[in-house]
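Here come two complexes built around subunit A, the first alongside subunit B, the second alongside subunit C.
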Partner chain A sequence: MWRRCLLPGIAGWLAAVTPAMAFIAYVSNEKSNTVSVIDTEKWTVTNTIKVGQRPRGIEFTRNGKFVLVAVGDDDRIEVIDTATQQVVDSLPSGPDPELFTQDAAGKILYVANENDNTVTIIDLEKRVRVGDVQVGVEPEGMAISPDGKILINTSETTNMAHFIDTATRQIVANVLVDARPRFAAFKRDSSELWVSSEIGGTVSIIDPAKRIITGKIEFSIPGLRREAIQPVGIGITKDGKTAFIALGPANRIAIVDANTHKVTKYLLVGQRVWHMAFTPDEKYLLVTNGVSNDVSVIDVAAQKVIKTIQVGELPWGITFAQP
Partner chain B sequence: MRSTTVNRNHGGFSLVQYVTCLNGIVWREALRFVHQRERFVSALVRPLVWLFIFAAGFRQVLGISIIPPYETYILYEVYIAPGLVAMIQLFNGMQSSLSMVYDREMGNMRTLLVSPLPRWYLLFCKLGAGTAVSLLQVYAFLLIAWFWDIAPPPIGYLTVLPALVLSGLMLGALGMLISSGIKQLENFAGVMNFVIFPMFFASSALYPLWRVQESSPLLYYVCLFNPFTHAVELIRFALYGQTNWISLVVVFCCTTAFMIGAIYAYDPSRGLVRRGPAGGET
Partner chain C sequence: MIRQLVGVIGISLLASYALAADPVEVGIGYLGQAGVRSKLSLVEQPSENDGIAGARLAIEDNNTTGKFLNQRFYLEEVRLKDGEDIAKAATALASRNGFIIADLPAEALLKASDALRGSKTVLLNAGSTDDRLREQDCRTNVIHVAPTRSMLADALAQYLVWKQWKRWLLVVGSHEADKLYADALRRAAARFGAKIVQERVFEDAGGARRTDSGVTLIQRQMPVFTQQAPAYDVLVAADESEVFASYLPYRTWDPRPIAGSAGLVPTSWDAAHDQWGAIQIQNRFIKLNSRRMTARDMQAWTAARMIGEATSRINSGDPKSVFDFLNGADFSVAAFKGQRLTLRDWNLQLRQPILLVDGRMVVSVSPQEGFLHQHSELDTLGVDRPETKCKLNR
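The block that comes next holds the complex of A and B.
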């Protein structure tokens, strides 16, 4: 018990005396067609950037100079200059782009086009579309393996995780997962691929080498119907020990021991929690709450929600510049 | 005698005499507290039943609003914890008043009141002793609640102390004032029905006031003017290292008013006790 008392106390004291580094988060607001800028030093919205219609997927470019945001109803990816915090350019995608990912060098962008059953490949330097890969119905989740050789796309209606060879741009394997796969994430050591299934209510653990499901994480929250628990966003710490899963309308973040795949704790956040992003130092995890129009801040070490910040309408995605 | 050799001040009595009196009254309350273990246990069980059982069934009552001093969404258990802390103090205050009625019936009060020290001082010592007992009960509850994931910031356990002292004094003074008007121990059941329950339920202890306002504007104003609401809010804010200034002023003023009322009521030349004590006290 003393250990339990002492450690958070020391951690809290250290947090109080150590000045926290300030980072900037960009949050896409699906309904208000804006991107909110959050300063982590003040924990407030410092700017709101007007973007195209229905912004969802959002990510920093690898060099940290730009933020890319998929504006689905305008069928393009918009480019925000982080220096001026204004939209300065756009990239071509297929119809209704939703989520995307980049290769390690930040030269190629892979975009899931929800209404076209394709993944569009864009050259970020030339800012041109260089190809498409046909995938299942309603593609959404996108992840690239740490070695950059395999691209994962999940298709919501086909209920599959597609393994795409980035060299040949061909699907090399399909893994059937539970209903409505929304998001995919690799562990940094490539040992596991995690895929969340919104309707199935599970997260599938896939062996990326064998391309088979090796386990499933299930969730149970007292007082909530199973249908209300809909896993979507996934965040795995760099050391691969802890994972955070957004459970949508359950209004909870599940904390999972990433080695044993057991849920250790549920944290109450806002309504319809969707996606998340760690601050670059991994001290905090920010999660978007779509229906309550806010972003909750989780202290990663203490595993506590410390604050909730009001943003625009229907916040969807969130990104930090990674060093 | 020792009392004749020390310097006299404070209206004819020395500081040592005042301290001796305080020591005697606090010590008696402490002994009573230690010997009545079931009282301590019941003081803890009551809020814990609310926390473990009642709160489990009312998880959705808070809705989606973030209300100060909280900075994010909280579970219902977290919300009612300060209300249950105040409930401990409310029951303790009333129990102290019950013991005063008992003392009066048994004749023990005469021993206290024949002390040459000023009546207001005796009552204040009694009040302070009761508050100290309530602090022990509250911290024991907060310790158990911590294992139930109700963990305010560590500094909150310190910042809540002055709030607890003030609210404990207010509720104790209220109990004392009420006890002056109760002639027999049997009448104490009325205190439960007419004081404790209405004060507790018509407050922000169990539900936020904006929720009450949604269902009944009249009840909202009743809750708003209930001193217990302000004791709860004072404790709630202090537990998170903040000060609710309105509640602080209300609780302070109520404490003063109840205390003056109790001193007046226990003054044999003017007060309510003169109207004819019952039982053994004559």
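The block that comes next holds the complex of A and C.
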């Protein structure tokens, strides 16, 4: 009798007090020209950092010491020191930087410059521009293959995923996808490259070796027009089994079985859901809701929205330090 | 042995020919009229290259994509002078180009369409808003990229009704185009539950649009013209001929907002539009043309982009194949309007959201929330399938 009461009691007490790992998320607010800092222990905004005009793409440096944020209307990338949570430097990015990615060593930064159809290559240590690659019209999505050999850039009006050899900096293949490709993500095992098409309303599954489309994820939500379903951000779990796709003005996250490429569930989040980031332990997924000015927290295992955190105006990108 | 060798050489020749395949070359003609229409406002005065400047940008965009696909796009411009034979010009242009972007009045467009009957060349209407071209006078060889007057009027009406400005004072110009726009506005009022409390006609008495002391006169004229009206919420002006509408704001007898041809204007594009990535095309356009992008520029850009989009998808510039793709289920084009644009298969009209602008800002974008449709909310704008008079002979 005693045992039965005691054990669940202790187990419950232990679960309650075992401190969850606290992580810090940085969220770019496109309209307010700020970056919100979220503490996942308290699930609140602990600081708001003033940055340049129109912050969008945001990512931790590989060493976790800095956060880079593209401030498009100021034509540069600002560097936030995570120790002081202040802007300490900026990088020459080329005009109107939006999204960017780094090589595995964290030495080279590849930036999509929407205004002049180029991908700019920046040496992060020397902080200089070391080259450009001419791509299609309105470059946007950026991803680097897990082995670091191929850089993917998507161009929104050309509707392609460009495969760029990072050694020669030449385009080696182009894959035509549906209209307005916004975001690209590799599975960790390099078996698949996913590209979201905002206006086309699909996610293309590309075989990175053959460089052809092998499948497409389509979405259908009862009561919603096809035009309102606009996939943008993609998050694939490290084990490559589950993916989360932000559907923009459909105000939903699609949960996809990453093996069968079938949607298993839609989660209602905030308005115009855009980009996302997992906590490093992958317990939670945070998604930015542009129009409702907040971030939804999704419990990854339970596949449920558990919290909403108010941030700045038009939250766009989000990043966590990877341990 | 020799035969075998010849065979091998033949095959390798064939293979190398296939590898160095000829590029897909797509010729696009641009058929417009010489001269520009005069506007009341000096800042709205169109450039000489109004329209074609947008097509030029789309050709650049198509060629940037085309260099990855071995496709090339060319643009050939023809401007008709007064009295010039439209059929002859269209036929000559069609002999060199599989597509013609037309920026022509309705009557001239119909002449061009009839002249090209039996030819493979496809016309894309980027200039005329006349509903009849999509209704009783629709043609199988004309795709309409420009919105119709009824789409524009419906877009405006949805917003005014949402705003609860339901009592309209309708002022109509005395020219044919003004009357057609007024027809569309009346239809929109009836569809969306607005009431036209009174109609007035503003007669065009002639005279210059620019005078050195014009303001003094207008300031006296407009209050008098608008006095003694029944109670109304908004003055809706139909003045495509640019005779009076731009004189109305701030000068009405009663303090009321203006909409239609001045004040809050429904349009396919505006230089102030910056949502949904539009800032990128605005910047590209300014860089190329050293001026801001107009609705006519955007309509021509969209027309040329539709051809580019189809060509990239089917890897063919054959007009018939491109036409079939454009009118098929797989076609959609992204044009910075926040959603995909597709063709209405019953009359070849491009579905599109309509911007409501005040000359400095985009005030709203229609269709408005809550105006629902069983197929596409974009079909709440303009003449819908069940009402159409168009019978395409296909």
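One rule holds for everything that comes next: the second predicted complex is superposed on the first by the 305 of 323 C-alpha atoms of A that agree within 3 Å, B and C clash if a C-alpha of one lies under 4 Å from a C-alpha of the other, contacts with A are read in each partner's own complex, and residues count from 1 in each chain.
By our rule, a residue touches a chain if its C-beta (ideal position, glycine included) is under 8 Å from a C-beta of that chain, and two chains touch if they have at least 3 such contacts.
These figures come from a predicted structure and were not determined experimentally.
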First, second, both or neither for A:Glu59, with subunit B first and subunit C second: neither
Which partner, subunit B or subunit C, touches more subunit A residues: C
Which superposed partner A:Ile199 touches (first subunit B, second subunit C, both, neither): second
Which of subunit B and subunit C A:Glu30 touches, first, second, both or neither: neither
Partner chain in contact with A:Asp74 - subunit B first, subunit C second, else both or neither: neither
Partner chain in contact with A:Thr157 - subunit B first, subunit C second, else both or neither: second
Partner chain(s) touched by A:Glu138 [first = subunit B, second = subunit C, both, neither]: second
Contacting residues of subunit A [partner subunit C, same complex]: 96, 114-115, 117, 136-138, 155-160, 162, 171, 174, 176, 179-180, 198-201, 225, 227-228, 230, 249
For the subunit C and subunit A complex, residues of the former touching the latter: 61, 64-65, 68-69, 277, 280-281, 283-284, 305, 309, 312-313, 332-334, 338-340, 376-378
Subunit A - residues contacting subunit B, complex: 8-9, 12, 223, 251, 268-271, 292, 296-297, 304-308
Residue ranges of subunit B in contact with subunit A within the complex: 56, 59, 64, 66, 71-75, 151, 153-154
